[in-house]
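By letter and in written order, the chains are A, B, C, D, E and F; residue numbering begins at 1 in each of them.
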Amino acid sequence: MFSVTVRDHMMIAHSFRGEVFGPAQRLHGATFVVDATFSRMELDSDGIVVDIGRATEELRGALGDLNYRNLDEVPELAGRNTTTEVLAQLIADRLAGSVEEGRLGPSAGGLAGIAVTLHESHIAWATYERTL
Amino acid sequence: MFSVTVRDHMMIAHSFRGEVFGPAQRLHGATFVVDATFSRMELDSDGIVVDIGRATEELRGALGDLNYRNLDEVPELAGRNTTTEVLAQLIADRLAGSVEEGRLGPSAGGLAGIAVTLHESHIAWATYERTL
Amino acid sequence: MFSVTVRDHMMIAHSFRGEVFGPAQRLHGATFVVDATFSRMELDSDGIVVDIGRATEELRGALGDLNYRNLDEVPELAGRNTTTEVLAQLIADRLAGSVEEGRLGPSAGGLAGIAVTLHESHIAWATYERTL
Amino acid sequence: MFSVTVRDHMMIAHSFRGEVFGPAQRLHGATFVVDATFSRMELDSDGIVVDIGRATEELRGALGDLNYRNLDEVPELAGRNTTTEVLAQLIADRLAGSVEEGRLGPSAGGLAGIAVTLHESHIAWATYERTL
Amino acid sequence: MFSVTVRDHMMIAHSFRGEVFGPAQRLHGATFVVDATFSRMELDSDGIVVDIGRATEELRGALGDLNYRNLDEVPELAGRNTTTEVLAQLIADRLAGSVEEGRLGPSAGGLAGIAVTLHESHIAWATYERTL
Amino acid sequence: MFSVTVRDHMMIAHSFRGEVFGPAQRLHGATFVVDATFSRMELDSDGIVVDIGRATEELRGALGDLNYRNLDEVPELAGRNTTTEVLAQLIADRLAGSVEEGRLGPSAGGLAGIAVTLHESHIAWATYERTL
């Protein structure tokens, strides 16, 4: 199995509902350093997993409408806790859409899975992985 | 699959028995930067893998009686080489106990696995992963 | 010259005023990984720059009323852009207060300077350093 | 499952053929920070996955004829794009050879898999993993 | 004293002349992770050291004609060893030019110094710092 | 001013005397990731601060009789608290000796200073810097 990972980040505000979140129920924020991993069984004819330039652009695109936002006011996320886990899934699903719509190039059809890790600090991070 | 990781560390002394260990057969020590990863198939009703505050506390607890110790003198570890691998398993098993005893909260029953990585330096680390 | 650094972090929301900030004029947020460095010419009689336990506590204290907050609503910061640079200075000045008030222990009177670095992402950080 | 990882690096020049590579079709270069991970189900009688000293030596050996080279002129690699992915596979396969030839010690026969990650920058890396 | 640092990278090929360089006399390459630090005594009226967006653009610009190149063939560098130290100075001097030509904005005239660090691997880096 | 830094590490056991050290008065241990920085005003005729190969060897040599040791039993350190700060000074002074004795090469006479940083964990480190 091969995989390639690209890294970007976003800076957002949000708040959580639920006693389990303690002080994070208040409006606060986070820098999420985001790692997107694309995997496949065999390399394409160029010897790559995915066009790393396109992967970087699609990751940036997946973060674009979240970056520099208060997620409490993003309609797509209304009524949900935008935890690190939930955001990892959202971004992975968006990248899966990029693959399906051909924006990662023709050979990206051979991709088998996507994993997205969001680092919320130097001591905590979350990952969501899915098949394609 | 979702996962959440929290990081802590411990500083211990120990020695190894066996020629394979070379100079590490002498009494020496290590800082282990410890990453504990909890995984599950679906998020709980709060949108999380595990209460990150409790996970951090349980990890600290799992390291507590090892930290600032000479492991050669810890009764639970008597007669064993306390390699990075062995310690990763010990800590993962302790965290599995935390889950089973309910100390990670009621929804932690949905956890599927635990992985523990111990970084012994910037150029070497070991991981143990197990199901729950 | 000797120095010791301890690391902690905080997660905040804020917004900026001024065209130079572009999209960061919107309410957004950041995780700041905070490094506090204490320096002095000679070590104290214990062979240390500062009691690292107390330094860690004072750093945590210096971040306490900012962490999990919307800085736009913190009275002490009213009317100021809470840039990474401004926050580095605020935290360094608070730690200088800790030294002056004796909360870092009696030998901390020998400290010569404090520097505080706030990492806002994996590709940007800011530092403020001052004498004592 | 247990694993142990050791890290080394190499500094190479190369160029790629194919429009997908854009400016990287020109002769350029890379530092690859290389992580080699060895895994197995049970520890050996010393309580380890693999002799970490030998693993480090074998990794260094696997990089030896590539390091400080222009890969475009290495006969073994003629006619191939030496992408990060391709190099990860090459190094993993060489390490698999080390295991098979007994250079990682007698108990290394219990190893189940090898994964090799090449970090080409702080924002991109690739992994190849295989069974033994 | 305040400072702000931004990070980018470049991937180049080159070779060195001189016995001191050993195998690095051969054509090889490097990824340089580049940190550019701007410093000043007082913040500007926006509360910043420098417009971080412009700083990032200027750093990218300073690396532009070096990135994905064989430095042995860059006319500006002819006859020089393009060591990590030499490249750090080159980039710092280019950024000083950016400041002098006003490309970092009007308040950048208050900048006091620039430092550039090039990381050539996880175990080696070089810095050049200069006044403005 | 130019500088070059090389990184190595050592794994030691030790204990401290003094109430300020709390549980670290017990025999415990540490991995110290050690960064040695050499600085000078102008580069030598090869375009370097120091022969990085020799610098790496000398750093390894400076750590050699400490690595895999219980520092409480090293005669040179008898009666001293081997704090991170004290060890940073010891290693810097040893490297200064390397320079003075010519082991870093003839042009190393132009070196102006040495700084040594010991990272004891991901959240704490200490530095000692001196002139030559």
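In this text, a contact is a pair of C-beta atoms (placed from the backbone, for glycine too) under 8 Å apart; a residue touches a chain by one contact, two chains touch by 3 or more.
None of the values given here were measured: they were computed from a predicted structure.
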**Prompt:** What is the shortest path, in steps, from chain D to chain F when you may only step between chains that touch?
**Reply:** 2
**Request:** Using the touch rule from the top, work out which pair, B-F or A-B, shares more C-beta pairs.
**Result:** B-F
**Equivalent interface positions on chain A and chain D, same or different at half** = different
**Item:** Centre distance in Å when chain C and chain F are each reduced to the mean of their C-alpha atoms
**Value:** 27
**Message:** Quick check: how many Å separate the C-alpha centres of chain A and chain F?
**Reply:** 41
**Complete:** Between chain D and chain E, the Cα-mean centres are separated in Å by 30
**Asked** Counting only residues that touch at least 2 other chains, which ones in chain B make the list?
**Response** 7, 122-123
**Message:** If we count contacts the way the header does, which residues on chain A are in touch with chain D in the complex?
**Reply:** 1-8, 43, 46-49, 51-53, 105
**Request:** Show which residues of chain F lie in contact with chain C when the two form their complex.
**Result:** 16, 18, 20-22, 80-86, 88-89, 122-130
**Prompt:** In their complex, what parts of chain B are in touch with chain F?
**Reply:** 7, 9, 11-14, 23-24, 26-33, 67-70, 120-123
